[in-house]
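Have a look at these structures, which come just after this line.
Consider the two complexes below, in which chain A is the common component and chain B and chain C are the respective partners.
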Partner chain A sequence: MQSKAGYLLGKFIELVLTLFVVSLLVFAAFSIIPGDAARVMLGPDATDAQVQLLRSQMGLDKPLVVRYFSWIAGVFTFNPGTSYAYNMGVGELIAQRLPVTLGMSAIAMIMVILISYPLAVLSSRKPGRLGDQVCSVIGHVLFAIPPYVASLLLILLAGSVFKLMTVGTYVSPRENFISYIGCLLLPSFAIALPKIAMSFKFLRSSIIEQNSKDYVRTSKSHGLSDLKILVRHVLPNSNVSSITIISIILSDILGGSLIVEQVFNLPGLGRLLLSAISRRDFPLLSGIVFYLALITVLLYFISDIASSLADPRIRLK
Partner chain B sequence: MTRQSRKLRSPEASAFYIAGILLLGIVVAAFIVSLFWTPYAPDATDASSKLLAPCAEHPFGTDNFGRDVLSRVMAASKYTIFISAAGVAIALVLGTVSGIPAGYFGGFADRSIMLLGNSIMCFPGILLALVAVAVFGPSVANVIWALGLVFAPTFARVCRVGTMEIKELDYITHARVMGVKPARIMALHIFPNLVSQLLPATVIGLANMTLFESGMSYLGLGVQPPDASFGKMLSDAQAYIRTAPWLIVFPALMLVFYILGLYFISEGLRVSLSKGGK
Partner chain C sequence: MARHIHIVKVHHLTLSFPTRKDPDPKPVLDDVDFGIRDGEILGLIGNSGCGKTMTSLAIAGLLPDNARITHGSIKFAGKDLLAMKPKDRRAMLGKDIGMIFQEPSTALDPLMTIGKQLEEVLTAHKENTQSGEDRLKAVTDMLELVGFTNAEEILGRYPHQLSGGQRQRVLIAGAALLKPRLLICDEPTSSLDTVTTVSILALLKELCQKLRITILFISHDLSAVRGFCDRVMVMKDGKIIDKDTTSDILSNPRNAYTAELLTNARLDTRILGLEPANVDYSASPVLTARDITAGYGRSLFERVRKTSEEKTDNNVLHGVSLDVYPNEILGLIGGSGSGKTTLIRSLLGLLPHEGAVSIKSASVGAIFQDPVSCLNPAHTIKWHMSEALRSSPKDPGKGFKGRAKALKRIITVLEECGLGAKYLNRRPNELSGGQRQRIAIAMCLIQEPALIVADEPFSSLDASSSAELLKLMTDINRERHTAFLLITHNIHIVRQICPRIIVMDEGRICEEGTTAEVLTNPRSECTAALLEAERRIHGI
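After this line comes the complex of A and B, so read on.
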C-alpha cells in the first residue's frame, strides 16, 4: 500500500531521472559527432584558425563534464547557447516559432476530442450496427494515412474541389488572430485525422467494456436514464484510460506537426529544426530537440498524476 | 468443442486477414516483380514525355523528368519493405535482449533499462531518428539503425511484462531449483513463450516504422536520390500538385496499402488471440 505523497514523490524522482537521461542522450548525440564538430559546421573550406576560433566560441576546448553542466544550466535558464547559422540566441529563435507549432497542436487536439468523443459514444450505443461498422472501417483507413500524405490529399481537395483556401500563407497571430487560426485549420486537421481514429477506437472499446459491467446494469434497474448513466458513470470511468491515450496522442501530434509544417510551408519549430539540420547548426538543433522532449516528459508526468487522482487504484500498481 | 469454437471466432479475424494480405500482397508483388523487371528503368529520363497523364504506355503517368511513375513506384517498394524489415529486426533483437533480463532479474537492472527505454520514448515522433541522421549523415543504413533504436523500447516493454508473468510459473521455478543457468532459462524457456505476444507487436512495428521512414524520406533525410522512395516521390510531386495529381496519388496509394495491410493483419491477430484466450 502506497500513500498519495509517496506516489507523487516517486513519480517526481522518476521525472528528474528521465530528464537527466534525456539530457544525457541529447548531449551525447552532439558530442560524439564523428570528427570535429566545429570543422563539420564550417565545412571543408575553413582554415585552421577559423575552426580554432569557433571551437573556443562554442566552448569545445573545455572538458566534456564542464560543457555538459554549462549546457544544462543554459537549457533551464532558457538560454541554451547561440545559434551558429542565425547568429541569435537559441531561446529567442524557438520562442519566435513556438506559436505556430503549439497553436497547430492545440487545434489538432481540440479537433480530436470534438470529433472522436461524440462518434465513440454514438458508435458504442449499439456495437455492430451498420453505422458503427462504417466508422470502424473508416477509422482503420485513416489510421494508416501518414499525416503528411493526408496534408497533400487535403491540399489537392481544397484546391481542386473547394477552391477556397489559400495554402501556404502564414499569418502571425498578432496581425490577425482569425486568419492565424484559419491558416492552421487545414494542417491541424491533417495531423488530427489518424489521431481521431486512434482516440475513437480506444474510447469506443472502453465504453463498450464499461457498459457490460455490473454497476451499469444496477443503475439501469434503478431507473436511471441512459444519458445519466453515460455522463455520470461510464464516461468518468473511461476517462482514466483516455488520460493516458490523450498524452500519447499529444506527443504524437507534436511529432507529426514537425513534418506537416513542411508541407504547408509554415514557419514553425519543424522548419527551424530542418534548417538547423541542413546548416549543421548543432547548438540550435540540440536546443529544439531537448525542449520538444521536455514537453513530452512533462506531458507524461502530468498524465500519470492526473490518472492517479482520477483512479487511486493506479497507485497500487 | 474446440472445432466449434475455432469456427466461431474465424469470420471477423479472417476478414481482417484476407483484407490485410490482399493489400500487403499488392506491394509485395510489386517488390518481387521489380527485382526482375520494371516497364522502364526507374531512373531513365525522357525529355519527350514529361508529365504525361496515365495512358497505355505509362499506366501511372510520368514525372517532370519523364520518368515512368509505375517503374519508380515498383522500385520504391523495395526500400519501404527493406528498411521496415531491417529496422524492426534490429528493434526486436535490442528489445528482447534488454527486456527479458529486465523482467527476469527485476531490481536495479530492470529500473535502469526501463529508465533508458522511457527516455528514448520521450522524443516525439521521428525526432530522435532525425538527430541521428543529422549527426551521422542521411543514408539508408543510418535510417535503419536509428529507427531500430527508436522502436526497441516498445519491444522491450512487451518482453519485460511477458517475462514477469512467465517467471512466476511453476516450470520456471522448477528449472531454477534444478540449477539451470538464468541465460538458458531466458533463451529456452521464456523467449519461446513470448513469441505469441511479440508477433502482433512486430506487425504493428513494421507499419509504424514505414510511417516514420517515409516521413524522413519526405523531408529529404531518408533514402537519397536518385533512388526512388515513396516519401521522396511525394515531396518531389508537391510542386506539380495542381497539374499532375497522379504523381501524388499512386505513391500515396502504395504507401497506404502497405501500412493498412499490416494494420489489418495485426488486427486479425489481435482478434483471434483475444478470443482464443477466453
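After this line comes the complex of A and C, so read on.
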C-alpha cells in the first residue's frame, strides 16, 4: 500500500533527522566544554610546543566543520577516534563493554514483562478487591525506590543475609554463558523493580479501560468466554498503547543500568562513561553518549513501527 | 424443544444497585412483569434512565457486577435463567439470544477484521463443529443476507473502513449468525441517519420473518416503533405502565404518560408553544461563508508531494457558500457523510480550509451531538460557566466585585436555560443528557453570541428532552434574537422551526430555499431521498 510506504518513509526521515541533531549536539557539547585535551594528556609541565604538536597529531587544530565530518564518518563506521586514556579504538572499547549493559537491560526488560503482565491481568479482573489493592500499594512503594537503593538492599539480602551468591563478580558470556546470566540477574532485578511497578500500574489501568469498551460488550453478547475476550480482544487493544510505554521503560532501563553497574562493580558502559568523564577522554565520551542516544532513538523508531503494525487504523489510514 | 407461547417470561422482576452506604436503595426495575411472545416484535419505549436497558441486560445476563436482583424470575423457553450458572448463561448468548446495541461505531474491535470477529461467534460455541471453510461460508452468507453485495471483500476489512450503517449491519449479522430465537435490539438506530434507519429497520423485519426470530426492540424514538413493532410497552421509573398493540398505544393512548410521550415525540409547535422570531432577510448576514473547501488527513509529506489537482480528491467540502441572517434558525440537513459536520468545523475555524468566512459577532457559540464527552467530568457546572465567561469579552473581570457579578450572571443564564442555582456545584455525571445539553447552551449564552451553531443536538436525547431543548432554542431565538445554524437529520424538527433550509450532499449544497418550498417541492434527488425515508419512518 502506498500510504504504508509513505508512513515508513516519513518515520525513517524522522529517524535520520533526529540522529543528525543528536550528533550535532553531542559534538558541539564536547567541543565547547573548556579544557584542552592535549594539555590534560601531557600534564601541567608540558611546553606549549609539545602541546601544539600533540594537538596537530590528534587533529584538534583543524576547523570545527572538518572535525565534525571526520567524526561523523567515524561514528558510522564504528570507529569514532581513539581514546586518550586507554589508547585503544573507541569502537573496540565500547564493543567490549556492551554485552554487560545490553544483557542487563534485556534481562531487566524480560523480568518487567514476565512479572507485570500476569499481575496486571489478575489485578484488573476485579478492580478494588483486596489482592488488587495490595498489589497497588506494593507497586507504589517499589515505584519510589531508586535503582541504586534497590541494588544496595539486594546486595545486602542476597549476599549477606541469605548468602545466595557472591556479589560483584563478572563472567564474560564467551567463558560461561550461564554464569554470565547468573551474575547479571541481581543487578537486572534492581533495575527492573521500579519499572515493574510502573508497567503494572499502566497495564492494569489500560486493561480496565479496555474492559469497559463497547466491543467487549459485543463479544460477550456473541457468547465468548471471559478468557477468550481477554486474550483475543482486550490484551491486543491494550498493547497498542503499551508499546509506547514499554519503549519508554526500555530506554529508562538502559539509563538505569549505567548507575547500577557502579554498585555491582560490573565492567559495563556506565563505568567506562564515568572513567571517560573523570579523565576528560572526549572521543570516548562522545562515542558512548552518541551510541546510547542512537540505541534510544532506534528503540522509539521500532516502537513506532510496531504500533503501526499492531493498529490497522495507523497502518491503513 | 417445545414451543412456548411466551419465549421470555419476566416475572415480577425487581432490581437495584445496593451500596454499603445504602443497602436498600430505590429499585431501578420495580416489579417488572411481561412476556415476549414467540415470533413477535415487541417494542419497549420510555425516556432515558427509565430502566429499558437494564431490562434487556437482565434477560441477557450481562448486568453490571454491582446490580442485585432482589425479587422475581426470568424464564427463557421454560428454563429459569436466574438459576443457571453464569458460564451457561454466557453460552446462551449468540446461540439463543442475540443482541445489538446503540453505538455501532465503537461496538466492534478496531484491531480485528470483520471476518474474524464474525467467525468468533461460531467458534465460541462448543457444539459448533463446522470446519473452517463451512464457517467462512456461513459468515459470507449471513453478510449477504444483511445486504452486503461485496461480502467477501467485507470479510477482510477493519471496522474503521466501514460506515456507521455498514457496521450496524455487521453487528446484526453477528447477532443473527447462529439464528437465535430472541434478538434484543437496544436503540439500534438512534445514532444513524434517517435513510440508514429505514434500511436497518427493514432488514430487522426481514430477518424476523425469514429466520423466525423474536425481537425485543428498545427505543426512545416512537416514530421508529410505529410500523415496526407488533406490541409496545411503555416504561417509566422502572415500572411498565402501559402495554398494548402498537396501533392502540400510538393512536389511542389511555395512559396519561403515554399521551405525554407521544405529544413530545410529535414536536407539535402549537402544543409546545414554539415560535421562531421573524427574520429580516434584507439585513446584513451575521455569518457569511464563500467557497469553503476543506478535507482531512493530509500529512506534511502528502501536501508537498501531491499536485493541486490530486489535492481536491480527498476534500470533503467543495466550494460551499452560505449566509446566516440575524434572528434566523437556518436548518442544514443531509445524510451521513454529506459534509455537514466538516462544514461547521470549518466555519468555527477548527479545521484548516480554503475560502472566506466572515462573522459579524464577537463570539460564536457551538453545541455538539454528544453532551457526555463535551463537558469536563472533573469540574463543576460553576467552573464550566465561569470558564466560558472568562474567555468572552463580557467578562466582568477579576476581584471580589467582578466575581460576584460573574456569579450573578451565571445564575441568571442557568435560570434562563431552565436550570437553577442548585446546579452550580454539580458535576456533569450527576446530570441527565438533556440537562448537559442545556449546560452546553448556557455556556454559549453567557458569551452573548449573535450566532449559535448546533450540530445534531437532539440525536442523543429522548423525546421529552428533545422537546424541552427545542423549546429553549426557540425561546432564545425569539427573546435574544440569537441566530442558530441547526444541523440535524431530523427533518421533522426542521419543518417545525426553520424558516429556511440548506440540503447538503457529497460536500456540496444541492438545494436551498424556504423550508416549505424545499420540502414540498424537492428539486434535487438527495432531498427527495431524505424525504422518502422520513415519510416511511414517520408514516406521514
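Keep in mind that, in the parts below, the second predicted complex is superposed on the first by the 302 of 317 C-alpha atoms of A that agree within 3 Å, B and C clash if a C-alpha of one lies under 4 Å from a C-alpha of the other, contacts with A are read in each partner's own complex, and residues count from 1 in each chain.
By definition in this document, a contact is a pair of C-beta atoms (placed from the backbone, for glycine too) under 8 Å apart; a residue touches a chain by one contact, two chains touch by 3 or more.
Bear in mind that the values here come from a model prediction, so they are computed numbers and not experimental data.
Visitor: Which partner does A:His222 reach: the first (chain B), the second (chain C), both, or neither?
Guide: Touch partner of A:His222: chain C, not chain B.
Visitor: Mind working out whether A:Ile110 is in touch with chain B, chain C, both or neither, as first, second, both or neither?
Guide: After superposing on A, A:Ile110 lies clear of both chain B and chain C.
Visitor: Using the superposition on chain A described above, determine whether A:Val231 touches chain B (first), chain C (second), both, or neither.
Guide: Touch status of A:Val231: no partner.
Visitor: Which of the two, chain B or chain C, is in touch with more residues of chain A?
Guide: After superposition, B is the partner touching more of chain A.
Visitor: For A:Leu156, is the partner it touches chain B (first), chain C (second), both, or none of the two (neither)?
Guide: Only chain B is touched by A:Leu156; chain C is not.
Visitor: Have a look at where A:Val66 lands relative to chain B and chain C in the superposition and call it first, second, both or neither.
Guide: A:Val66 contacts neither chain B nor chain C.
Visitor: Taking the superposition as given, does A:Val240 touch the first partner, chain B, the second, chain C, both, or neither?
Guide: A:Val240 sits against chain C, while chain B stays out of touch.
Visitor: Tell me which partner A:Gly10 touches in the superposition: chain B (first), chain C (second), both or neither.
Guide: Only chain C; A:Gly10 stays clear of chain B.
Visitor: Once chain A of both complexes is superposed, is A:Pro312 in touch with chain B (first), chain C (second), both, or neither?
Guide: second
Visitor: Let me test your reading of the model: by the given contact rule, A:Val21 touches which partner, first (chain B), second (chain C), both or neither?
Guide: In the superposition, A:Val21 contacts chain B only.
Visitor: Based on the A-chain superposition described above, do chain B and chain C contact any of the same residues on chain A, and if so which?
Guide: Common to the two interfaces on chain A: nothing.
Visitor: Which stretch or stretches of chain C touch chain A in the complex?
Guide: 60, 62, 65, 87, 90-95, 98-101, 103, 106-112, 120-121, 124-125, 158, 160-161, 171, 174-175, 297, 299, 301-302
Visitor: Note which residues of chain A are touching chain B in the complex, please.
Guide: Checking each residue of chain A against chain B gives 14, 17-18, 21-22, 25-26, 29-30, 32-34, 140-141, 143-146, 148-149, 152-153, 155-156, 159-160, 251-252, 254-256, 258-259, 262-263, 273-274, 276-277, 280, 285, 289, 292-293, 295-297, 300.
Visitor: Give the list of chain A residues in touch with chain C in this complex.
Guide: By the definition above, chain A touches chain C via 6, 9-10, 126, 213-215, 217-226, 228, 232-233, 236-237, 240, 310-313, 316-317.
Visitor: For the complex, which residues does chain B have touching chain A?
Guide: 115-116, 118-120, 122-128, 130-136, 207, 211, 214-215, 218-219, 221, 234, 237-238, 241-242, 245, 248, 252, 255-256, 259-260, 263-264, 267
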